[in-house]
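Let me give you the structure first, and then I'll get to my questions.
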Amino acid sequence: MNQEQILRWLQRFATTIDKNKEYLTQLDAAIGDADHGINMERGLKKLQAQLPTLEDKDIGTTLKSASMTLISSIGGASGPLYGTFFLRASAAIAGKHELDEHDMLTLLQAGLQGIVERGKTQLGDKTMVDALYPAVLAFAQAVQDGKLMQEAMQLTVAACEQGMISTKAMQAKKGRASYLGDRSIGHQDPGATSLYLMLKSLYESV
Amino acid sequence: MNQEQILRWLQRFATTIDKNKEYLTQLDAAIGDADHGINMERGLKKLQAQLPTLEDKDIGTTLKSASMTLISSIGGASGPLYGTFFLRASAAIAGKHELDEHDMLTLLQAGLQGIVERGKTQLGDKTMVDALYPAVLAFAQAVQDGKLMQEAMQLTVAACEQGMISTKAMQAKKGRASYLGDRSIGHQDPGATSLYLMLKSLYESV
Amino acid sequence: MKKLINQPEDFVRESLEGMAAAHSHLIQVHFEPTFVCRQDVPLVNKVAIISGGGSGHEPMHTGFVGMGMLDAACPGEVFTSPTPDQMLAATQKVDGGAGVLYIVKNYSGDVMNFEMALEMARCEGIRVRNIVIDDDVAVKDSLYTQGRRGVGTTVLAEKICGAAAERGYPLDKLVELCRRVNLNGRSMGLALTSCIVPVRATPTFTLGDREMEVGIGIHGEPGRQRLPLKTANEIAEMLTLSILEDSGYTRIMREWDEEQDGWIDIEATDFPFQPGSNILVFVNGMGGTPISELYIIYRRVAQICSQHGLNIVRNLIGSYITSLEMEGCSVTFLQVDDEMMDLWDAPVHTPTWRWGV
Amino acid sequence: MKKLINQPEDFVRESLEGMAAAHSHLIQVHFEPTFVCRQDVPLVNKVAIISGGGSGHEPMHTGFVGMGMLDAACPGEVFTSPTPDQMLAATQKVDGGAGVLYIVKNYSGDVMNFEMALEMARCEGIRVRNIVIDDDVAVKDSLYTQGRRGVGTTVLAEKICGAAAERGYPLDKLVELCRRVNLNGRSMGLALTSCIVPVRATPTFTLGDREMEVGIGIHGEPGRQRLPLKTANEIAEMLTLSILEDSGYTRIMREWDEEQDGWIDIEATDFPFQPGSNILVFVNGMGGTPISELYIIYRRVAQICSQHGLNIVRNLIGSYITSLEMEGCSVTFLQVDDEMMDLWDAPVHTPTWRWGV
């Protein structure tokens, strides 16, 4: 995966969020404070505007810039989480202009680790981690199985979607939704949903 | 008209107001602040409770007591106006135990005069004066024509009703309703309506 | 109707009992008849100031009782004038021998009840004077209406005159000051929603989802005009220009004349707002509007003032003269001289305001 | 949606511009990144206090910037945490060399953003400590939730710690005090109506005409329980007893440890409310509830306190930590010692409060 594809990914992530802004906000209205779509869109619009300035950068620099933009514009819980994802990811593949499957695994694992530490989250807490964790696992398995990027990504997105859907049945233990007790059960987690959209955009860009 | 009939009047006035509380308030909602029925009922309930203590009093004393009670319990614009009506009326027939037609005319004229002075009101301002003034005029005419109490009162109430109805077409120039400009036209004045109920109760008690 | 209340009939009494429990070091709350007075009354040789009116405008007036402001407030039922017996009892309680000033808002009920109270207090040998506040520019003529209503300027007059009384102004000078504040103050208000009188339980008027009621008083009565909902900037412009473009308003004020021992009529005309003037701007919330929105209004009002060459030397932003839970705002401009500004800044200690102490 | 706003996206900025215009002698308002700070910062050798969070809770926090309270506040979008760059800019602006305390409400977003800001400020060589306020007894367990939310106690902590910083408390002592305030404070809130986030334009939740939402936070999120509407007395009882009957709550607080130069987890348990204790009672309006109703709540709360042998030594009644135009209230109890009471009474001068000066 090269720099052009990375930029395409971020571009696609931005347009997908824009299209799903209402949907994400509706999900957040059910169990949160009805702003997840708005937050994400604010951040990704900023990122989108910045993309042209990143064309001749390496991937590490690109993801670091993306991180800074997201941190300073999303706000809420998702801002530091997405920001940390990109920050750790950028550090893990610093200086690279091209990512092979192993690099991608490193990137994803570092990002996941960052979110878990920042959010003090465990699997099953009904957060974006419940979408990201199975996705990273699937990617690792695919790489171990010798799958190439495209196919590995396909499996990853499928696992991510499963993870996202699985949040429906969970009772939230982190974030605002946790205050609802078992009233959070039956609603899909907005952060898991935006995270799925992020990985889907990634898949569509390789 | 004797003390018993006066007490019956006040009693009847109280029950009529109670029955028309909602109606008066509705009228006030259209062009005022939706409390005329509530105000009047608060005052007349107090007065009603006081009636048993007045049985052996003369009419002047009775009306003076009524005045004090109404002044200290109705509030709003109608409180001082009804209070002044009874205060001046009581002074005009002080000490009497029985009222003939001339006494009654004196009483009504004094009451009217009191309201006009207190309210600085002119005929046509769309207030209770527009109901009371034609009523007093009709009573004076009836007395001049040699009519007896019952018949004179009947004519008075009819004139009062006409006066009350005539407020519909008027633009208010006093009280809260005056702030509506020509938006007050088309609505019957609440104070004129309660005043009509007062005279109707009087008629029904002679 | 959704309110934090028990029985609607108990609204006023229980709210006052809450105030009594909360502020016993500052105020006394009396019932039958109902009035709220300073803890330390009567203050010998200080002119006492009393105001009052219907309830539902809190914190006005009860929240303004205390050092440097009111000596007593007489709350009526919701949106209903209090009665003369309340005012008389308050007058007897707070009079410290230097006389009493009634600050009355121009509503027929308030005016008439305070007039009756003044007559009664005179019979008791207490010196009382009255000033009627009528600052609401929504009312254009005084000939065909009850005249301008008393709104935002009332709050400012109570603060300024309260400070003056505290400094020892004699009754005559205080009356003159209060009249001057009134003639320099103008207000205009607007509602986005109706309020609900507790004992009535339904909204006093109904407004469409995209409508607003302009030129309202403070009793939930309908205003002068119903207009399509506008932006905050347009609203701020409308209110401010109504105030600035208003030509001098002349009214006849009924005041008690001590020499004649009777009522006299005084004609008085507003002072126009001149470029270069110092003004106090008061952006007031109607009770249900959050302060964040009031700042958005203030922002535009300040811009317009600067365009018109008016110097905002003081401001007041918050919900101080309200109509229960009504959403909306009013804007008051007071042209201030140095004396008024100095009195505005003077110490105050009431349930609502405390500064300088 | 009926609000005094222009474009919904401009709500926060324009409201802050209004504050800037109104209070230029007290505060500075900065944009890109957005923060509000005292006019006179940095104050050499005074510990600076910074708070912040989503907007929509006005006057908290921006209205509390000034002498004796906050050095800076970082407002985010409505109900959305501010971002670390805002906090970092504010930190750099207000640090006077004695370090900075972040007072953070326990919401995942606020906590994480302030943590990132603290890490960044450390990189810039600025001493920063953080205290997370988590006082909301509606949340029963800390194991299966994000833990108690930070609500009413935040306002009290900002006043008390602000006064302490003004008196020259060093950072460590201030952290200890702030933690102690948090462990002695408890709150419970309730909504009668939902609020409307400007950019969303529809209510966040819908409540029936005879329903109320109990155990809410301050972001318009649904609460713990939906119940039939109750009287003010029943509501006051429910809120007060939730606070008094709550058994000691234990949480793990993540604080920055300066020696280890890293995060450490500290376990801490609430102090129970003992009969005979001195307490400060704070009855807070959610933004759309008039103060008259808050007094009705306070009335009953005070009765219950006296039945439980608690001495109310201070009280605070008003809308200070709000959710836009939401109707409803919250009750906060703070068990105070002499030091806290003395600091509560200490002078303050902010857009919202001014006393003692």
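The letters A, B, C and D name the chains in turn, as written, and every chain counts its residues from 1.
Definition applied: a contact is a pair of C-beta atoms (placed from the backbone, for glycine too) under 8 Å apart; a residue touches a chain by one contact, two chains touch by 3 or more.
The structure displayed is predicted, hence computed values, not measured ones.
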If you walk touching chains, what's the least steps from subunit B to subunit D?
2
Which chain has its C-alpha centroid at the greatest distance from the C-alpha centroid of subunit C?
A
Here the gap between subunit A and subunit C, centre to centre from mean Cα coordinates and rounded to Å, is 56
Taking each chain's centre as its mean C-alpha position, how far apart are subunit B and subunit C in Å?
31
If every chain is a node and every touching pair an edge, decide which shape results: line, ring, star, complete or other.
line
Between which chains is there touch?
A-D, B-C, C-D
Touch list for subunit D against partner subunit A, complex
33, 54, 76-86, 107-109, 112-113, 115-116, 138-139, 144-146, 149, 197, 199-200, 204-205, 217, 219-224, 254
Give every residue of subunit C touching subunit D within the complex, in rising order.
2-7, 11, 14-19, 21-22, 55-56, 58-59, 63, 192-193, 209, 212, 229, 231-233, 235, 287-299, 302-303, 315, 317, 319, 322, 324-325, 327-329, 354-357
Residues on subunit B engaged by subunit C in the complex (per definition of touch):
25, 29, 32-35, 38-39, 42, 71-81, 83-84, 118-120, 171-176, 178-181, 183
